[in-house]
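Shared between the two complexes below is subunit A, which has subunit B as its partner in the first and subunit C in the second.
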Partner chain A sequence: MARYIAKRIVYMIITFLVVITFTFLTMKLMPGTPFKNQNRISPEQLAQLKHYYGLDQPVPIQYLHYIGNALHGDLGGSFQFGMRPVTTILAEKAPVSFDLGFEAVIIGAIFGILLGVIAGLRRGTILDYGTMFISVLGISIPSFVLAVFMQYFFGVKWQLLPLAYWKGPEYHIMPVIALAVGVVANVARFMRTEMVEVVNQDYITTARAKGISSFNVIFKHSVRNALIPVITILGPLTAAIVTGSLVIENIFAIPGIGSQFVDSIVTNDYPMIMGTTELYSALLIIMIFIVDILYGVIDPRIRLAGGE
Partner chain B sequence: MENILEVNDLHVSFKTHRGEVKAVRGVNLTLKKGEALAIVGESGSGKSVTTKAIMGLLPKPAGRVKSGEVLFNERDLTKLSDKQMQKLRGSEISMIFQDPMTSLNPTMTIGKQIMEGIRRHQNLSKADAKKRAIELLELVGIPNPEERVKQYPHQFSGGMRQRVVIAIALACNPKVLIADEPTTALDVTIQAQILDLMKDLQKKTNTSIVLITHDLGVVANMAQRVAVMYGGKVIETGTVDEIFYEPKHPYTWGLLSSMPRVDSKNSELLAIPGTPPDLSNPPKGCPFAARCPHAMKVCTEFMPDYSDVSDTHKTACWLQDERSPKVEPPETIQVGGDR
Partner chain C sequence: MALSNNEITKEMFEPVAMSSSESEAIVGKSTSFWKDSFQRLLRNKGAVISAIILLLIVLMALIGPTMNKYGIDDQDVVRQNLPAKIPGLDKIHWLPFDGVENNVDLYQTQHAKDNFWFGTDDLGRDLWTRTWKGTQVSLFIAVVAAAIDLLIGVAYGGISAYFGGKVDNVLQRIVEVIIGIPNLVIIILMILILQPGLVSIIVAMVITGWVTMSRIVRAQMLKLKSEEYVLASRTLGASHSRIISRHLLPNTLGQIIINTMFTIPSAIFFEAFLSFIGLGIKDPVASLGSLINRGYGVMQIHPYQVIFPGIVISLLLICFNILGDGLRDAFDPKLRQ
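After this line comes the complex of A and B, so read on.
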């Protein structure tokens, strides 16, 4: 097991380096410069500015320079924010986005699993069709439509919840729901399929033949096995939600990293783009790692195969 | 000897999108204390469905007992609630399934899977239940039981898994053990070991056994009585000797001729031509009539009643009627002299 984890960590680092390299290269291929008033400054001034920021050097040198600094924890300064360190900006804004994203994923996964279990156990009944109908709705309605809809009713019309900002628990309700609905829908559909599959397995009949209660047959035998494949989608789903929350952040004026990221790309704020990409890819890589470990905890066949 | 289990005129149907499948149509069985009853018959004849109905394990909501009774110690199991049935399952009546590769939960240790039933039915502490699980593994011949209880099914071979399945079934000393093709999925040497184990355990515990099998060798080895099923009905039943040496039903003749025989000069296998009846639209008369070489007009019109060949031997065939012509069983199975 320890060897397996060590091996995985090495792979994670390699993956991460590949991502950084590609981001760096594609960024250099993007048109334009980071300087807003590009059209009005003279070529000499531009050259001077480029020299000042080290952008006149060959790309490989810039790359090595960047990696060298990054190893010391220095991701450079943001061009948009008067060279404020990227790490400081990320440290300030990322927790908000992660909060929002993880809350949505956890709540979404719990409800998705519950609905999927119910639909799978009651296959072919109104309960099943109802759940799957809601789930299709959840997948097809974009989160921002739901967000605006909720804002109108709960924020404006009935004034039950705060319209925007991120100041306390009640501020979380609408944005988290807006993001979680998609998760619920995805997880529920997946879970239902797995449950339907699992309840027809021979070992469920064996469990029933032992005379144990239906509750135990469902939760100790069926759900646990049905969860194994469902867990695999949770990793990428979490990353997608955390990184994809920018629209919701904008709608609710949440001071997260998502809207920041868009601005960085538009303004060619190279250090900020790099920093945010690194954060996101680190998150995705770590999530996939955690899921694999979890997978091993739930499925003993994987655990042992990995140890060999 | 009194009957521990009695199935009377059992009808089981499945609702499918193509209509009602009448899988079991009036089955009668009796099982005496300490006896092993074999159920044989072609694939699809309703053997598994009958035993699942006895266990209350029909897939819900598609499968349903339509009528008839299952008497266990004089209690009609078809009338029990789910809760009452749960109490009985695994403690009074247990089941062993065909495929040991799929009949154990891959994510639960063997020990937990054995202990689950014990903890449910007997008032044992966790430690005592574990002790019992280890004992059971030892009983079914698994070496190193203290280590093995902590392992998962994928760490066991097929034969070892079937031993575990047997341990689970025997955990609470059931009075009746139903084994649905317990050795079909195993290779030949392991088959013999598992059968020996079952025989041995039956002797020790005096459990009554219902054994479904396609292997007439297994029948001869294990059972005292046989029920031959066809098209959702029991068409002949008797002691092993009666069925093997004095079979009366043309389907039984066909079944016996289709079995490979070591001692036979004529090594050709005789398959029964034709296909079994469509159970969503079962025939009015004898289900075997369409394939029976001796079928008469009456056979396709009316289902024959059971006639007694002896006290223990019954068959449902119009050839038993005194008005019918005398028909001799085919030569391939005429072994009456050399038993």
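After this line comes the complex of A and C, so read on.
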């Protein structure tokens, strides 16, 4: 187990280095400059600006410099916010995105598990088909299309919910639902498959034969065991939530990292783009790592050391 | 004991008037794996309906833009922002095809003689033509991306599994690094260097997309490689290429098809996603994502501009997913539960 964890940590570091290097090279290859009104700047001024931001040094030097600074937690200053440190801006915006993502995952998981359990127990009935049809819809319809439609109907046409911004609880409803639908659908599907499998196991028959109440059989023996494999989809789900948050935050004007990221792409704010991609990558890479380890810890049947 | 009185004698038996070759004969028609799978697929109503809807959408993507006289970039501000109007359906008022917006028949006030089936945008471009042309572009991107994923993935996974040992070790270490990189980040960065456009979207999606396919092919081939019939074939002196093309590939094909059926909708989604955040297809070319993006800008006043492309993309993705599920159940009934 310890060997496996060590191996995974090494891979994690390599992957992360690849991402940083790739991000850095991309920024160097990107067309355009981060300076506004480039035509009005004289070559001397441009040279001075480049010198100020350290853009006149050879690329390898800039790279080493960047890595060195990054190790100290310094990701440079944002071009569009007058060189305010990227880490400060990210730290400022992260809680909002985190709230949004966290609420979506929690609500999505609760409803997903509930629907999956119902569908799995009532396999082959209309309830099952209905739930699975809804989950196909949830997996298929892109979160931003759903968000746009919801915003039009609930916000514009019927005026039931606030159109945008991130203030009171009622402002959370639409963005969280838009993000959570995909989670609900994925979790429900997975949960259903696992439930169907678990319900047919011998130990469930034994439990029933021993006269344990249906409630206990379902919740203590079936659901708990069916839940274990559901952990594995936490990694892909986090990725989906991050992807979704980019557009959802934009649509609902939520001041989080996602909408900030799209802004920095449009304004060629190199340090901001790099900082955000690195944050996202770190988040996802660590998430996958945690899921793998957690899976092995919770379910001793999975032999990590010998596994692929 | 009563039983001991009834002795079983030889006379009690008489031969069945049938030879063993007759009684053991298989009466039913023999079906191949593919025929069998296809029949299973036909029994799945959802998959069949999805396939039909998909065919219709593909057909409309091909002939839709030619069904009226407007090109995708024919602009005329005189007829800007007209709501959808379809003759015949315009009598049914709960359908959005009556050409009326806020109780005003804009076709009368703007003196438009022709009907625009999906309406027009702010430049007076016909949205029927643009929606179907956009569907064409979205489908093209998705199918090409999926095809390239397939080629690279099958080759990489196949080589890795078949040759094993050191080759496999090196190739899989590379995969382990690539699979850890979030594809969202890579896709966005690639688009930034390559400039938004058709080719760059495809390249960006393929760069990380092939890994999934290669893993599936590798896993399947590793399993097949140790099967007895492969060993038999090898013993008889079959070449690498013969074993791969006759034994390994055909038995992996089901998995490859299933995975491709799920790659296509995810590619459609990513293209729309990129276009929606402004990194995708640029005017005058349209894709479903860019149409939704444009329509979203005027959604509060002219909702029909976002609703039609939104419905088309949702239908496409739903049908691909249901058909993909159907194919998976058909090819591998063991998985169906």
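The rule we apply is simple: the second predicted complex is superposed on the first by the 257 of 308 C-alpha atoms of A that agree within 3 Å, B and C clash if a C-alpha of one lies under 4 Å from a C-alpha of the other, contacts with A are read in each partner's own complex, and residues count from 1 in each chain.
Note that a contact is a pair of C-beta atoms (placed from the backbone, for glycine too) under 8 Å apart; a residue touches a chain by one contact, two chains touch by 3 or more.
These numbers were taken from a predicted model, which means no experiment stands behind them.
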Inset, instruction - With the two complexes superposed on chain A, say which partner A:I106 touches: subunit B (first), subunit C (second), both, or neither. - result: neither
Inset, instruction - Quick one: classify A:I173 as touching subunit B (first), subunit C (second), both or neither. - result: neither
Legend entry - subunit A residues touched by each partner, larger count belonging to subunit B or subunit C: C
Inset, instruction - Once the structures are superposed on A, label A:K210 by its partner contacts, choosing first (subunit B), second (subunit C), both or neither. - result: first
Legend entry - First (subunit B), second (subunit C), both or neither touched by A:R224: first
Legend entry - First (subunit B), second (subunit C), both or neither touched by A:V18: second
Inset, instruction - Pick one for A:S281: touches subunit B only (first), subunit C only (second), both, or neither. - result: second
Legend entry - Contacts on subunit A seen with subunit B and repeated with subunit C across the two complexes: none
Legend entry - subunit B residues within the subunit A interface of the complex: 55, 57, 59, 82, 85-91, 94-95, 97, 99, 102-108, 113, 116-117, 120-121, 152, 154-155, 165, 168-169, 171
Inset, instruction - Could you please specify the touching residues of subunit C with respect to subunit A in the complex? - result: 46, 176-177, 180-186, 188-190, 192-193, 195, 265, 269, 272-273, 276-279, 292, 296, 299-300, 303, 306-307, 310, 313-314, 317-318, 320-322, 325, 337
Inset, instruction - Can you check the complex and tell me which residues of subunit A touch subunit C? - result: 11-12, 14-15, 18-19, 22-23, 26, 29-31, 123, 133, 136-137, 139-142, 144-145, 148-149, 151-152, 156-157, 193, 196-197, 239, 242-243, 246-247, 250-251, 262, 265-266, 273, 277, 280-281, 284-285, 288
Legend entry - Of subunit A, residues touching subunit B in the complex: 200-203, 205-214, 216, 220-221, 224-225, 228, 298-301, 304
